[in-house]
Each structure stands twice: as C-alpha cells, then as structure tokens.
Amino acid sequence: ADSVDVYAAASLTDVMNALVEQYEENHDVDLVPVYASSSTLARQIGEGAPADVYLSANVKWMDWLQDQGGVVVSQRHNLLRNRLALIAPDDTDIPSFTPDAEHPLVDYLEDGERVSVGDPAHVPAGIYAKQAFESTGQWQTLEPRLARGSDVRAALALVERGETPLGVVYATDAQASDGVKQLGLFPADSHDPIIYPAALIGEHPGDAAGAFLDWLSSDAARETFEQYGFEMAND
Amino acid sequence: MLTELEQQALWISLQVAGSALAIIVVPGILVAWLLARHEFPGKALLDGIVHLPLVLPPVVVGYLLLVVMGRRGVIGSWLLETFGISLPFTWQGAALAGGVMAFPLLVRAVRLSLEAVDPKLEAAARTLGATRLRVFITITLPLALPGVITGGVLAFARALSEFGATITFASNIPGETRTLPLALYSTIQTPGMEGAAARLCAISVAVAMASLVVSEWLARRTRRRMAGRDTGL
Amino acid sequence: MLTELEQQALWISLQVAGSALAIIVVPGILVAWLLARHEFPGKALLDGIVHLPLVLPPVVVGYLLLVVMGRRGVIGSWLLETFGISLPFTWQGAALAGGVMAFPLLVRAVRLSLEAVDPKLEAAARTLGATRLRVFITITLPLALPGVITGGVLAFARALSEFGATITFASNIPGETRTLPLALYSTIQTPGMEGAAARLCAISVAVAMASLVVSEWLARRTRRRMAGRDTGL
Amino acid sequence: MLELRIDHRQGDFHLDVDIRAPEQGVTALFGHSGSGKTSLLRMLAGLDRPDDGHIRLGERTYVDTRQRLFVPPHRRRLGVVFQEARLFPHYRVRGNLTYARRLTGGEAFDRVVSLLGIEPLLARMPDALSGGEARRVAIGRALLAEPDMLLLDEPLTGLDGARKRELLDYILRLTREIELPILFISHDTQELMAIAERLVLLDSGRVVADGELDELLGRAELAPWLGGFEASTPISARVEAHDERYHATRLALDDGQLMTLPRIDHAPGERVRLRIRRRDVALAREMPSQSSFRNRLRATVEQLDDGEPGMVEVSLRLAGQRLLSRITLEASEALALSPGDDVIALIRSASLAGSAG
Amino acid sequence: MLELRIDHRQGDFHLDVDIRAPEQGVTALFGHSGSGKTSLLRMLAGLDRPDDGHIRLGERTYVDTRQRLFVPPHRRRLGVVFQEARLFPHYRVRGNLTYARRLTGGEAFDRVVSLLGIEPLLARMPDALSGGEARRVAIGRALLAEPDMLLLDEPLTGLDGARKRELLDYILRLTREIELPILFISHDTQELMAIAERLVLLDSGRVVADGELDELLGRAELAPWLGGFEASTPISARVEAHDERYHATRLALDDGQLMTLPRIDHAPGERVRLRIRRRDVALAREMPSQSSFRNRLRATVEQLDDGEPGMVEVSLRLAGQRLLSRITLEASEALALSPGDDVIALIRSASLAGSAG
C-alpha cells in the first residue's frame, strides 16, 4: 500500500489518531501521523522531512514554509477553526461567564494567582490569548500575572493541577480534559480567527496524499472533527 | 552589549543553576556515599529513584514535580499550609527543577570517585582514632574531590540547560523563571528570530565554557597538589 | 500486556539508545583519554565542544544538528551526495541525536576514572616493555572500567530519555523515530490520555531500572574481582 | 595481658592462634612470608573481624564473637604502622603526623620529628617523598597518636642502618619509660634481637612457639625457623665503672669477675643485660698472655651438644649464669672438653659493641 | 659500560652524578634515605627525564639531553623492581608474571616461580597476597621480562631470611651465568656484602665514592656512611683439602700457612675469596696453646689507625695480602703494638661460616 506521511500540529494528536484509523479502514493506504509543534514541523519540512501532508495549528508557520525556497506547498486551504476558551479547575467556585471587556479576569484572581496560557511569544494559543486580552483592554494588568507554558497542553495541565485558577486554551482542549471546566468562550472577534491550514508538500505529491487531504474536508471527517470540538473552516 | 532581556535571562539562569547546585550538593554527596560504601535494604530502590530524572523525559519530570510539589501535591500542599511557600512559578521552583534533573549526574560522578578511594587509607585513618564520619570528611571526600568537582560541573551545566522540567513546573515567567534556555526556546519557536536565538545560544555557551574553565582549574589544582612521581609519563 | 504501539516504541527506544551508546563508546573513551592524560593545543576547545550538548537546551542541539546534518547542512549534504545517506527523520538520526546528547556524560565519567588510575602502575607496565597503547588497553582502561560502566549507564539512560533533540532532528515518526519519550509526549499532548501516559512512563522506568541493575551487577563484578583487604571496613 | 584467641579463614588460609602475652615490652611476631603475621595484627587493630574468637588487652575486650562484641578500630587506641606507608596523599607531612590530633606540636612533637629526621619534610606532600622518608612519616604518625599499644608491621624496612638503630633505641625507651607495649613484626633477626623480649613464632597460621626470645633461641627444634638468628645468650652484670680514656665500661659479674665492653650509657651500680653471640665466645684451657682479649672469664663446662655439622654448642656456667659458646668439632676435640672442665671463655670486647640493653 | 651523567632538580633536591660502571656484575647503590637512589634508578629506567645529562648502557644511548634523545621506557628492556610492589590489581598473579610476554611458561617460568615459592599463588588476585608474597611476585615479573639489565630497588625487604638467601644466590647466578648486569639498591649491609661487587655511595644527590666494594670498605673516610657494614677484608686463598670428619675445609695462603673453615663447596686447588670481618680478628703476641682457635696466622703489623672512640683499626700484612683487625684501644696499648711487629692473628673458624664466595 502507499504510505502517506501526515505532519500534524501536536494539538491535533487525538483527533488525527481517530481520523487515521477511520480512513485506513476504507482505504488501502498506510497513514503515518507525525506530531510535534507546528514550528518544529515547519522547520523539519523546510529541512526536507518526508512529509506529504502538513496540518499547521496557525497560518504563520504555513506562511513561513511557503516563503522558504525549495519546498513546494500546494493545495493549501484553511481546514479547521477553533475557539479560545477560558477554563478553571473542575472544582472551581467561579460560575460560567463570557470573558469579555465587561469581565476582566483580574477580578477572579486572588493575590499571587496567575492565568495560565501558552507562551504568547510563540505558542499560537498564547498569541491568540494575548490578542484577546489586548482587545478587551486587560493586557497591561494581566501580562505580569501570566503563567506561560511551552505549549497549550502545559497551560492546560497547570489548571488541571489547580496551580492556576484560570487558564486560556483551545475549546477543543477544554472539551477533551476531564479535569477542567469551561467557563466561557472568548468572543470570536476578540482575536484573529484560529485557523488550521492544511496543504500538500512536495513537488510531486502522490495521489494518495491528495486523496487523504480531500477526504479531510469530507462529511465523514467533519463528523469526527466536530466530535472533538473543531469547526470546519470551509475555505 | 547584552540586551536587557538577555541580561535578565542570564542572571536568572545563574541564580537558578547556582541554587540548584547548592541545594543538591550535600544530599548528593550523602546519597553517593550511601550507595558507594554501604549495604542496606532498599538500596536498589534508592539507586533507582536517584536515576529517575535521568531516564524520564524532562517534561514528565516537570509534570511529576507539579503532582508532588504543586499546591495540590502531597508535599506542596503541606509546604503551602505550613510555611505559605508555593514553588511553582518561582525561581526557587526553577532551581528545584534544575536540581532534580541534575541530581543523578552529581550522585553518579561523586559515587564513582568515592568508590575509587583506596580503602587502605580509610583503614589507616580509623586506626588513628577517626570515626567513620571523620574518615569520610577528612579522607574519603577530599580524595574524591575530582569526582565532586566533575559532578558539580555536570550538575551545574545540566541545571543551566534545563528546559522541559522547568517550563512545566515553574513556567516561563519573564524576570522570574525565564532562564536562558527558556528564552532561547521562545525565540527559536518564532519565525525570523534566528539572530536573537544565535545570540542567546552564544551566551549559554559562554557561561557554560566559563564554568568549565573554572572547574578544570579547580580540578587541576587538586591534582597538582597531590602529584608526585609518575605523573608525567 | 503491552500494546502494539508501546512495543514498537520500546523496541525503537532500545534500538536507538543501544546504537547511540555503540557509536559513542569508542570515541568517548578516546576523547576522555586525550583530555585526561594529554596536553595539546586546542584541548580547552575540545573540552568545550564535548560539553556543548550538555549546556544547550536539547531542542537547540536538535536544531543545530538539523542545520549541520540536514540535507542542506554542511555535513548532511556531503553525506547525501557521497553515500546517499540522509540522517534526519530516520532512527539512525535519532541514535545520532541521543548519542550527541549522551556524549558529555560518557566522556566525563570515563575521564574521571582514567584520572584516578594510579600512574605508578602505568609506569611499571612501561618498564615491562608495553607501549603507551598497550598500557592504555591492558592497564588504564581495565582499571577505569567502573567509570566506563558508569559512563555507559548514564549515556544509555540519557539516550533513552532523549526528547528535545530527537523530536527536532529526527522527528516523531511512528515505527521509525517514535521512541518512548516521544510516544509519551504524544499521549501527554492529548488531554484525557493520562492512563496511556502513565503506562509509557512505567515502561520507561522499567527499562531504565533494568539497565541500571545490569550495570550495577557488572560494576560489582569488576570491583569484587580485585577486592582484597580493607574493603569491608 | 594481651589475649588473642582467633579462628579465622581467608581463602585457603586458616589462622588459628591462641596467644597470651604480657601487656608490656616488645613482643615480636616472626614467621615466614605468608604465615599470618599481618592478618593477626589486623584483627588486633580491628581491621578484620575474626570468624570466631576473642581479643583482649588488659581490662578491655576488643572482640568477642560469642558475645557479638566488636570495638571499632578508632576506639582501640592502637598505633599501627602498616607494611606499606599508607600516608594520606592530600595532607602534607605535617597534616599526616597530626592526623590523630593528640600531639600536634610542642616538645613531644618536635622530639619525634627530629628523631625521625623529617623536619625538612614537614611541608611536603607525601608523593614527593622517598621510600624511607615516607616510612619514617608513617612511624611518626603512629607514635604521635599516643596509642595504648603500638602495632608495627615491618616498620624499619627501607631505613638506613644508623636511622634504624636510633629508632630501635627510641622504641625501646618507649616501652620502658612509658610502658608502652609493642607488637613488632619483622624478618630482620638482628632487629628482633635488639628489641624483642618475647617472640611468637607463626607458621601457616598456627603458633609454633611462644615465649621469651632467649629461651626460644635455645630450643634446638626451633632451628628451622630461628636458624637465621645469630644465636646469643643473655648475661646479667652490674656496671662497675667507666673508663673514659679507653672509652670503655667495666662490668662486674656476680662472682666478682670483670668484663670490659665499649662505653655504654648506664650509671655505675646499674644492672645491665648483655647479649653475647655464641660465635663470639672462644674457649681456652689456660689464660692466654699477651692477646687482645679483654674478657677472659673463668667458667665451667656444663654440657656439650651437637650443632650444625662440624660444630659443637658448649654450655658454660659463668658466675651462676649460663653462657653458650659455639666452637668447631675439631677445636672441641683438640681441647678434649667434657662436662665439669674448667675453661677460659675469651670474648672480644670489640665484639660486644651495642650488646647491652 | 653503564654511563650515567645526570644533572637534575626535583623540588629542593639536586641530583648531580657522573657514574661509570662496568656492564656486568652487581653494582650497589647505597646511601641514606633520601640520598637519591630511587631518583637515579628512575632516570635509568626512563621514568624521569634528567634536566641535563646522558645515560648510556653499552652501545645504546638511552638519554642525551643535548641531542634531545630519549628512549621511552618500554624500549629499554630493563627489568625494574620498585620499592613498592606495584602489582597490577586486575590481573591474577600469573597475569602479572607474564605481563611482559617474554617468558610465559615452560621451564624458565617454572624455575622462577618455584624459586620464589609462588606456585600456590598463581591464580590469586594481588590484593589477597601478603606483603612478602607481593614482593616475590614483583621480582618474578621483572625476571620474566628477560631484561638486558635488572634494576632492583630494595627488592628483598619483607622477605624472610631463608628466602632472601635463596634469592640472593639466584641473582648472583644470573649475573654470572647469563651475565646480566644488576643495579641493586639496599640498606641491608649484609645483603650488599653478599651480592655487590661495586658500590656507588650517594649522599644528598652526589656521588661520595664509587668503586670496588672491598676497596671502599677499606677507606676510613667513608666510615660515616659505611660504618654499618660489618667491615671486613677479602683474603684470597687456595683450597687445600676437605676434612669430612670435622666438616671442615683447609685453605692454604700463599705463604703456606693453613686456615680452617666450615666445609665449603669448592674443589681442592680452586682459589676462593674469604671475607673476614674485622671484629672477628683477635691479636696475640704469642701463639696461644690450648684454645679453640683453629686459625692462628702469623702476620706483621703495618699500620695503626684510630677508629670509633676507644677502638683501633690494625692493618696487618698476611701472606702478601692485607688483613684488617679491629681491637680496643686498651688491648692495643696492652699489647704495645707498633708497625713492624710480628703478631698472631686469631680467627675463629666458627666465625667464618659463609664467608667464602
């Protein structure tokens, strides 16, 4: 059977595992999912990693890859959308609310308590969180109170463990974790759209790779994506 | 020459790695001694636990630290209640993470050197009226000094370069826990920041080299002091 | 008992860590010998380079490896053109990454032991007609065996737990470069997979413990063989 | 009383001894290489545990396996000089000497240091010492620990003659003045003759003989082990006077006969003990005139024994004491000696140098 | 010819020697502890480089600092026995013995092993050996390297008398049978008397004297160093006959006078050399009757010298050779000795055991 190397952002790990299984049931193809942070994957593909399909967790690294000479990116399109969620440990006393300008997060923090986020310097979820804080006018107050994780998962873990009373992660993460409660979604317009672009990699991408990428936009795939909390981007 | 951010990261790194070394050096030597010169039940277990941070991915160690030392952790909650101390998100926490990761390297090197100390000399010291403890402090340990130094360098370097456990347990807080490796990681994850990454990389290397030079000098001094014949062969 | 994925990761880990150890053991001993018993120009530089992987965050080392050994890298492109070999994204590449990260630990331990070998014995061997090389192979190295074993364990354990450099340089390819720590990372990235993570964690620990037990046994055998008086004191 | 009852195996070697020695003077451990001398010393020092047995020094029990008693080495206050120097390589000579922290300076320290001739070495590291220098430091280290007993394992090897004699004298004085008991291992028969009062003879881990050195030297069946000793007899006498002009000392035996020997440092009236080597005692029937013999002593033949081939061991009675002479069979027949004969024992004064103690 | 010209500093110590010794026989290095014996041996073995100088053995130049020549130790083929045993702790005794890989089995191996009495130890690890056992293995290791020259640094310390004599005999035979030159360091004067032909006397890194042992022992100014030797004179004589009944051998001096000594293993007619200790030579004016002295030799006083306080060293001419006697000042005055006097030298036959070589 043909083999297709799918380089997917680490935040897609669980859904992609499910999709791979689902796809392989009906197709005579060997899917090889490779997970790492979008940045690591982009750099590896830039260095010639044998990727056939790349699913990035943000637009920036797909752009960066396209800017590199020597790598051919084709059939790029936005595959998924996600939302940014405010979470708390599942035993929290804080009731659900929408984290907008009317509800500054500092009001929910005791002295010395922090909000865990992905590092706004480079973790995509952190960057979105920063945008959301800025657009709601609380960046100045919150910046010194952030606990920055190396990735979304780290931010999630801090909330799960009760180290921070609040955290900002993707809605998909909030849904998947048993240890946290989603307090609310940040207004969709408070930050750039959270988009997962997908593309074929290489000068002569195989038919199997193209078929799989197409299938990811199919209804069958959509069902699974939505089950994991993603929205289809459809553009 | 250095940007303010770089200076800050450098300073935190030194503070964290230095503290990490400081907190593990005595327990490290003690554990090495136990493992090198004693037989006791549970020795294999202790040996195993000491090595854990070496065999687990750092992020996992950081997570385990969070489980144990976090505010809901067994020890962490006790610390918080009793002393009001909370380690995550503090540079002390980063030092703890660095220390834990560096611990097996220190213990191994010290143990190796302790085992190489001639028991004949220890026996001679015993007959001169020295207790086991005095023998250890005055004979065994000084003779194992090269190992302690080597272990110290390894530990310091390891703590200096510690990333996974630190960011997981102590988070990446500028001015508090953002050490050089954390700063470096941030830049490397950002497209187009290769220049800044290279600078941070160079700073890390410079610090490490400096500590290396110091340790070599120390070790050489120890050795030269004792050197007699047959050393130039 | 183990799932197929776990078995696969375990097997790759063993293969990678074993190969890492195999490729560094001879150069490691050689470099340790050079550093321990010789003076030459550039010694400090060599010492520094050896320690680099220890002081840099693993991800950075992986990135540097990618830059140097990747298909566009200085060595990587040469390797590709001359032998058609490409290391990144292969288990051999993972072994290289593990080996590079483990190298300083091996060298340090071996060097420490080499330095502890009594030069009097080497001198005696020289008078018996042994060349420098024969003295090294028959006297120095066997007497430094505890250090080689310790260095080997440290290196093996380090390679076994290697994550940052591996995922960056060799990627996280199932069946090829997805070692235990990488598999662990993948599960840990997924909320709700704590059970699977714990299992992988346990497997890692078990492997590490097993290698520890073997090394302890080896070391003990070496020591016991030579043990005479004053060892039980 | 020093009591050592030990039953111990190490490898093929079986140490099985039961020794009782007075808690004073010098007891020598003698025996072939590998006979177990060092092993015994190690048990006494507390560096090995006997499989079975007990060790007592005076009131104190160091080891009693039946009672599971074992006093650790650092609480035994024994000064040990090992067969190898075992200096601490990371301390200077001074640091080695004062490691036990009992005598770290002052007169006693200076005395030991100057006796050993190691003043110029005090600031040296041990690896820069010669073999003999290291050994002297090791001896000093043990002495300065002010032990209750000294255990010396071939302490004087590698030292030159003059230094050896000085140290032997010093050790002898230690045993007398501060009554320090000493266990002394050596293969050097002259050394032992000079210093040891008692001798424990070991062979393959067993005690072959144990008693007064002089008595053991007289026992023919021990010749295979003690043959190397220049057999001698102790004679006790009183210092009569010193002759400064001739640098000589006159001794009086109990029957009033006088002896002359090179000047010794004992006051007139003091009793001294001479060791007279058998081969230095010649015999004559008549008092010779005009010879260099200063000592011409009237004695009576008590007994004649065969010695090595061609030799006869003659027991003489001299002033109520026993004196042994070794002469050739030929001479014995020429003199037609038989028990009861009166003879003149001729002893060269020059041969008596250093024989008094 | 062995040529050692060395000028070297280590710490405060300055080694400055210029020695030329024949490339055969046993040359002894003698001197106080710390006089530089081991340092010299190390240079010869190639373990240290002299600051300045050259070292040659026969045709080969080992070191010449002017020419920047330095032959590394492993190409010098010298068998070294160090002051400490220096066994390889990770090889069994057999592995240590065969490390040089020259003689690894066969007759020669067996001979050395049985001479040293170490057969039962072959499978042992060195740390389980006694001090003397380890030393014997070290000697064996050097012998089995089949060296062109042996360098022995106090090799026999820690060995018992019997074993020591056996080894001395063996070493002597080596120098004679296979003409192996030997450099021998020892503080034991008896050992040196038995084995050394030449002696290099070191003091504080300088050569005080260098020559035939017998000649040096006769030089009064060397007494401060060589006083510890039981000073003796060599006398050459011819074996006349053996007396089996008395287990004795008669020797004839060149003037026909006869001497008697305990049976030696030389055939009648062979010339032998006796070493006669000075203190064993008594003097008389008249031939004594009825004494145990077998040797009563007519001699002439040549010279009288002061010795130690109260002692006189008398040089005698005996059958064209020189014989030294040590008597007390008192005896010398009593006998009223002066040069030219005829005297009788009395030498006990019992004292001559083992003096022929």
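All chains are identified by letter, namely A, B, C, D and E, in their written order; residue positions are counted from 1 within each chain.
Operating definition for what follows: a residue touches a chain if its C-beta (ideal position, glycine included) is under 8 Å from a C-beta of that chain, and two chains touch if they have at least 3 such contacts.
As the structure is a computational prediction, the values presented were derived from the model and not from experiment.
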{"item": "Intersection of the contact lists for chain A and chain B", "value": "C"}
{"item": "Neighbouring chains common to chain C and chain D, by label", "value": "B, E"}
{"item": "Chain pair, most C-beta pairs within the contact cut-off", "value": "D-E"}
{"item": "Averaged-CA centre spacing for the pair chain C and chain A, given as whole angstrom", "value": "35"}
{"item": "Chain centre separation (chain B, chain D; CA means) in Å", "value": "57"}
{"item": "Whole-Å gap between the CA centroids of chain A and chain E", "value": "92"}
{"item": "Multi-partner residues of chain B (each touching 2 or more other chains)", "value": "59, 63, 120, 123, 126, 164, 185, 188, 229-230, 233"}
{"item": "Overlap residues in chain E, where contacts from two or more other chains coincide", "value": "47, 73, 84, 128"}
{"item": "For the chain C and chain B complex, residues of the former touching the latter", "value": "44, 47-48, 51-52, 54-60, 63, 104-105, 108-109, 111-113, 115-116, 119-120, 122-123, 126, 146-147, 150, 153-154, 157-158, 160-161, 163-164, 181, 184-185, 188, 197, 201, 204-205, 207-209, 212-213, 216, 223, 229-231, 233"}
{"item": "Parts of chain C lying in touch with chain A, wherever the complex brings them together", "value": "59, 63, 66, 70-72, 86, 88-89, 167-168, 171-175, 185-193"}
{"item": "Sites on chain E touched by chain D in the complex", "value": "10-12, 31-34, 37-39, 83-84, 120, 124, 128, 130-133, 135-136, 153-154, 157-164, 187, 189, 227-228, 243, 245-248, 260, 262-263, 279-280, 282-286, 288-294, 308-311, 325-332, 334-335, 346, 348-351, 353"}
{"item": "Residues of chain E that touch chain C when the two form their complex", "value": "45-47, 72-80, 82, 84, 86, 88-90, 99-102, 125-129, 141-142, 145"}
{"item": "Chain D-facing residues of chain B, complex", "value": "120-121, 123-132, 138-139, 142-143, 145, 225-229"}
